[in-house]
Amino acid sequence: MIVVLKPEATDLQTEQVIAKITEAGLTPHVMKGVERVVIAVIGDERVLGPDILSAMSGVQDVMPILSPYKLVSREFQKENTVIDIQGVRIGERRVVVMAGPCSVETKERLFSIAEDVKMAGALILRGGAFKPRTSPYSFQGLGEEGLEFLSEARTKTGLLVITEIMDPRDMSLMMKHADIIQIGARNMQNFRLLSEVGSYNKPVMLKRGLSATVKELLLSAEYIMAAGNRQVMLCERGIRTFETATRNTLDLSAVTVIKQLSHLPIIVDPSHAVGKTDLVAPMAKAAVAAGADGIMLEVHSNPELAYCDGEQALLPKDFRLLMAQLKKIAEAVDREM
Amino acid sequence: MIVVLKPEATDLQTEQVIAKITEAGLTPHVMKGVERVVIAVIGDERVLGPDILSAMSGVQDVMPILSPYKLVSREFQKENTVIDIQGVRIGERRVVVMAGPCSVETKERLFSIAEDVKMAGALILRGGAFKPRTSPYSFQGLGEEGLEFLSEARTKTGLLVITEIMDPRDMSLMMKHADIIQIGARNMQNFRLLSEVGSYNKPVMLKRGLSATVKELLLSAEYIMAAGNRQVMLCERGIRTFETATRNTLDLSAVTVIKQLSHLPIIVDPSHAVGKTDLVAPMAKAAVAAGADGIMLEVHSNPELAYCDGEQALLPKDFRLLMAQLKKIAEAVDREM
Amino acid sequence: MIVVLKPEATDLQTEQVIAKITEAGLTPHVMKGVERVVIAVIGDERVLGPDILSAMSGVQDVMPILSPYKLVSREFQKENTVIDIQGVRIGERRVVVMAGPCSVETKERLFSIAEDVKMAGALILRGGAFKPRTSPYSFQGLGEEGLEFLSEARTKTGLLVITEIMDPRDMSLMMKHADIIQIGARNMQNFRLLSEVGSYNKPVMLKRGLSATVKELLLSAEYIMAAGNRQVMLCERGIRTFETATRNTLDLSAVTVIKQLSHLPIIVDPSHAVGKTDLVAPMAKAAVAAGADGIMLEVHSNPELAYCDGEQALLPKDFRLLMAQLKKIAEAVDREM
Amino acid sequence: MIVVLKPEATDLQTEQVIAKITEAGLTPHVMKGVERVVIAVIGDERVLGPDILSAMSGVQDVMPILSPYKLVSREFQKENTVIDIQGVRIGERRVVVMAGPCSVETKERLFSIAEDVKMAGALILRGGAFKPRTSPYSFQGLGEEGLEFLSEARTKTGLLVITEIMDPRDMSLMMKHADIIQIGARNMQNFRLLSEVGSYNKPVMLKRGLSATVKELLLSAEYIMAAGNRQVMLCERGIRTFETATRNTLDLSAVTVIKQLSHLPIIVDPSHAVGKTDLVAPMAKAAVAAGADGIMLEVHSNPELAYCDGEQALLPKDFRLLMAQLKKIAEAVDREM
């Protein structure tokens, strides 16, 4: 940690800062520069939050050197985390595809889409039973019935199931019906939900919040891991920017940034990022080229009947076509599908 | 709702869009322009979500005309909502001040700060017992014990108490200890929490999310009101932008925008927005000048001992000084404090 | 254009809006909805700027239907623009690569890098002689001497030269030394410079501004085309967002969005977007997968001696490696390199 | 400057960084921490740009301690800069008001508005003769004729004139007709224009770019001052964010941030920031409460006839009313108008 004092800081203020560092069991290293005093703090700075020194008189700025997360970091674990769910391994050479409708609507439609995506090569079925909707008047999901349909679809097709949790009180339902629990962008900093999910032994996919930095995403993943659950994968799904031509801006550089900072697998969801069918395929291809460990895609056999987000769902035939192209890109970057 | 078709839309596609509008009980109004067909939809467009038409082939864009919220809107209720809590009226001529520490730490410190802010003219005591922290290793709040200290502080000082809820399972504790329940920025789209809080008869202050638009804030307030609770106030606390000189960018124009669109009271929290003591006072003054119904401020008798956000807390003596200045500004804009 | 009146708009105000539309030679189409009057405007709405109606009493909102640009639009010209510069064709099946140092430094270093990038397959040499630098104390470029070195490098290697213009007074130098004139992100809305460059017959690459929407980028390209110059290509180089892990956020979805809206070629510059060497290669691959017509890359034989942006320059050996990978990705998406 | 090495940095890499620091005449201070080596650089770090060390192998991060600007900084000059233009003093106790139409349209209309704003207490007349417009098809300003009208308006009313420059080739016209030269947001990083304007002895108002940080604004002001012109004032006019309810987001905290970092006067332009008449008055009041040295406002006698930005212009009668309110706020914060 580097503590920059104000040019007008008094000797007393400087001493108080030094005392606070020493109290915390850390070693202060004082440097008197041309314009001001700078103090380097040696030791594990995480025992002393940056807020504490920032609040002291005479302090201008506090710059952490170490990352604030541990368990998720590449320094803590050098090799990639691989999550194995009944033989489907996420975080290895194979790029996995999760596909399905935005929300579970009717049993027939879910089964039909599940068959379609399985035939095209997807390994995991996505579908929301609990839907976080901006408006209270939009379709909120089928709830438990939707989860049961997903379980049936798994039995019929052999696909794994990923579905979203919105409330810590739904954990037992999730344990019963989901193979991967998704935490959505709007709940990335719902810390109670993170801790709850972290206390079970079930793979979790944590989506990046609309305006969350990569650092904050990793800290939220740290909540889950600190609670005991090591089977965490991350998901880039677009961030909010000033541009309105797309729903969000897909931040593909986050894939590499996360790979450098963390050992956790990283999935990309281009459907939610761009919000328009025409843009999904190019962004899915770009995501594989950028090194994503998996792709999550919305597929619907009849997008205009979809209860939500129909404008971003691929038709099964377009999904099949895209899968063939993704396979070629995966091979071009020494991966497989 | 205005539906803009693609220039290359076929007659069949146009007819399918018209049929979908008619099915929903709305009246399509077809206009053939120079380059494309545009269809105006007459009737209460909210029965037909914009997603449904967007997903149809041949549709380029769907532009809603009506606001997607109802109960919170100025059109639904012309006169301002005034929330009366034991005689403290929020949303009227008087600008109310909520002040106190970021988090409840020790009983003694809380009581001392409570006395200080009461003496200076605050009517409501703020203090977090459950703290949403970016890192799992930061202080997470005293929990129930913190709520009990707040209740005792109310008894001692006569101040009302506002404190944050993070988990729907904590509602009974909140009903017992809080006069106003705060929903924090990170939970603005925790829809389960909104619905839970909406089903009780207790005033709520809903903070704007870091990257939430005013429209989304109003839709989240609509969740609470739609569940039955009409005692809702909103809070602007800074949005996330590219600027790093301040923690967030306080969007004061939101005060007037919200006043135009909604009848709900609007509070401003400059402490969290700017994140640095020196900037709090000017922004508090600007907020009153801009027409805020209330100001929320962090005050701490010993900021460097604060367990969180000490760098943005005012000293009691600076708070007293600021209160005197705010009173003058309030009078200059025909309000009072 | 759709004009939405306020709920409280008077009949007189409505009539005045109708009169203004009629005066402009357009046809108003009045629809009385449940809550308000909406007027659709039939005809080429571009004769009546949206500002004029927005300023009238009783008007709440004005929504344009037609795009505000013409010459750059896909509707104006269906087939892709292909720019042919001495046989190098930009905007066709072949993905072109522009590579070289951020700025021209010494003649020897430029020549050496030019040889390196040519050997690796680049067709165009990049290098700045006039450098837009945030600080007046940073290296500002060699100026005319730098342009002369670029001309010599072209003679020696046969590479085309792209270099940046910052001042309309430098046009004659550019005509002499550049094959493609670059307008940088910071000058995207330097309208005098756009018009000046538009009045010459020389290919131009226009970079997207740090906070420019795709629509604004296209309007700036329209300035150049409206002045007579049809040889325009666009460049995505990252936009400014809240994320600080990368210098900017590369918006790859803009590639497809631009392809849909416009017939102009689109180049991607990952080096400036991400600002860190390690991230350049994955983003270059993603850009080719997303459909870019060209890639611009910084290459430097000795990055720590670079006068600017050394932290994002590839070593020649890494550039060669990347070229081989890009070629495979290009083939996977039915392009070539 | 603090140089953070990568955990895996070799001894050789560390030595090379140390050598580079020493070569530049600075003193390296090496600290071996728990996870990595950190080097503090003692001396005037500005002689060694952060880019150079960032580009070296083994370096993870370079954090500057000193601000990159000098002449504009509060450290360089403790007391506020006061710009005196024929007795109108900007940067002192009096809050100055600049008002007038967005663009100069007809002589009669300009004179009428000039009389109106003078009567209401404005000291400076604003009006554009050269207009930076997003579209090449929008009104571009009257050019030299507009400047002549402004000169006549000055003679008739005694108001000072502020008007925008877009092209370095127009400096002689500006010297003749303007009392203050405005550099608009889109030209904030048009470095040639900054240097040109800096080489004359004429007050300049530099507007913050739509996505410029305060640091970048100060660096652009440094360009002007480094070229010799010390009469510089800054202007906050809203930044681009994700919020679309207002045209831009007025960043009022920038007023205090700039006052802390710099001695230059700071003006606020709420008209361009919010883009809607109803929001201008509350934001003007907030700006005065926040400590602005001046306010720039658009006033038009007939907004729907305005050639640009009519939707944000105040009517003369509303401007008079606002001036009375601003005066009261100014007094409440110990200023005057």
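Chains here go by letter, A, B, C and D, matching the order in which they are written, and residues are numbered from 1 within each.
In the analysis below, contacts are C-beta pairs under 8 Å (C-beta built on N, C-alpha and C of every residue); 3 or more make two chains touch, one makes a residue touch a chain.
Being a predicted model, the structure only gives us computed values, none of them experimental.
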Taking each chain's C-alpha mean as its centre, the one farthest from subunit B: C
Chain pair showing more contacts of the two, B-C and B-D: B-D
Approximate Å spacing (C-alpha centroids) for the pair subunit C, subunit D: 26
Length of the line joining the C-alpha centres of subunit B and subunit C, rounded to whole Å: 39
Rounded Å distance, subunit B centre to subunit D centre (Cα mean): 31
Residue numbers of subunit D (touch at least two other chains): 211, 240-242, 244
Contact footprint of subunit D on subunit B as seen in their complex: 211, 213-215, 239, 241-246, 249-257, 260, 273-274, 278-279, 282-283, 285-291, 325, 328-329, 331-333
Subunit D residues within the subunit C interface of the complex: 20, 46, 49, 51-57, 68-69, 132-138, 166-169, 186-187, 189-192, 195, 209-211, 216, 219, 222-223, 226-227, 240, 303-304, 306, 308-311, 313
Contact footprint of subunit A on subunit D as seen in their complex: 2, 4, 7, 29, 31, 33-36, 38, 40, 42-44, 63, 65-66, 75, 211, 240-242, 244
